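Pasting the structures here.
The following pair of complexes shares a single chain, chain A, combined with chain B in the former and chain C in the latter.
Now for the complex of A and B:
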């Protein structure tokens, strides 16, 4: 009983935030066009960014520093992911030039949605916040990045991280 | 390391939501007057309400039904509070006529704020969402209520629940 609710607290909060951000745009604009939707995605991404920064700061406060960039990415895939999404990333790939692909075969925030095709279009709504979380966490570790996500088959999901070299 | 982040995930998300809701009002209105602040409180309360409904539904799905109203209130004070705020309510009082006072001596969402006097004014910002959580949870158990909160000495906090008899 306890575990079930633990599992869903974050998911409920997240769903409610997504729905609030879209509703507030809609109430001022009526039907949302692609520009309005981009605004929503950017609001959610920004909220995720700040939460990601705060979280990783608490998680790494007493940790030894990381060996290298790959070491940080592994921390995101294991410890950070488990904290927020209750499982590890299933697969991490890299070209060793600053691009990383993180694959989650059963992404928590998509698992509740129906797997029908019509939901594929909606997927960006539910991924923006998490892209922000990752970007915020990395930023706090000293890595500036661009994080995007794509869904091909629900509820599996790929996050692409491109580290911005200075 | 793990536990610290567990503790703060909800708190970070909550802070970020509060700050977003106030900022979006501010950006359209400039300085917030008391009416604008009431709008913010009501938005946050509504978000909490829907999350509270969803959470309690999951938590009680396999539970035996409750004996009476007091039994439900005890569930809110123990199980529900522990899920969301990581501790139980410290004191529950009732007049046995549908009014309940729930006292939390170290309320999680206030514990991060400084205890300076200037923060007392800000307290409603940080309590609205939680009032909604309680009202939503009770509503899902079949009790319509009015939930308010007050802070006299940070970070202790009292929630007053008045059950609306039909």
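Now for the complex of A and C:
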């Protein structure tokens, strides 16, 4: 049923989540300094983390166990990304030593903001939740990681995943 | 019909454990604990074999004279262990598989509950009632 509007529901919820978290932090003081901004980002990332854990539990219910780290990253790029953002990751690069770069050329949560350099400074706010999502998903699969995102040209963005080796 | 059902977290501590005859509860706790070694063995053996399809269902872990122990591991390394009475030989593999399937489905629901923190003991009533449905009825 392609003409149902259910795809935008999460887009709107996410936009409101970001704006709400920033407003909450701002209500106590007038301006946001960099420490407050870091708090907002970690709140959004934390939300994404918990949701990522739950989503992975549901998605891997019927699939067989993963062979190795690369297999898990491929799962994130294909099945996980398709379920959450309705498309696959366009490019996956790795140095085979625990660092992966996932590139999405038309990231669903940024697509409506701009398609160029406009609003570039605000883009990281809208990526925090998704970073948490990836980190939560990997954590439930057994991999501790640090996930960061960078944007140079909207709506394309790169997620960098560094697996923490114990 | 199971005699004891337990859910074990990936750090190998129990998230949920329930057994039927409450007098031998300690014995079942001990059985589940020792079965963890067998589970680990099976997981690492399957890993080395590099099979294309690795099943989540581990099958019969080990039989003793009184009961049999079955195991299942999820992709998030949460283990389910079911202990059944040996005298109940009518239980077939398919039935055990379907019990694990129901456990996995219920556990997924618990995991997706935003009020549940991963790592906490499972206290969901829905999960409890599903498990009661699978345990031996004691009058």
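Criterion: the second predicted complex is superposed on the first by the 158 of 166 C-alpha atoms of A that agree within 3 Å, B and C clash if a C-alpha of one lies under 4 Å from a C-alpha of the other, contacts with A are read in each partner's own complex, and residues count from 1 in each chain.
As a convention for this text, a residue touches a chain if its C-beta (ideal position, glycine included) is under 8 Å from a C-beta of that chain, and two chains touch if they have at least 3 such contacts.
All values reported here derive from a predicted model rather than from experimental measurement.
Look at A:63: by the touch rule set out above, it reaches both chain B and chain C. In the superposition on chain A, contact of A:54 is made with both chain B and chain C. In the superposition on chain A, A:84 makes contact with chain B only, not with chain C. More chain A residues lie in contact with B than with the other chain of the pair chain B and chain C.
Shared-chain residue A:153: touches no atom of chain B or chain C. Legend: residue contacts after superposition of the two complexes on their common chain; A:142 is shown touching chain C, with no touch to chain B. Judged by the touch definition given at the top, the superposed model places A:20 against chain B, while chain C stays out of reach. When the two complexes are laid over each other on chain A, chain A has residues 50, 54-55, 58, 61, 63 in contact with both chain B and chain C.
Those residues of chain C lying in contact with chain A across their complex are 10, 46-47, 50, 53-56, 73-77, 104-105, 107-108, 111-112, 114, 118. Interface of chain A with chain C (complex): residues 50, 53-58, 60-61, 63-67, 140-142. On chain B, the positions that touch chain A within their shared complex are 1-2, 4-6, 8-10, 12-14, 16-17, 20, 24, 43, 47, 50-51, 54-55, 58-59, 61-63, 79, 83-84.
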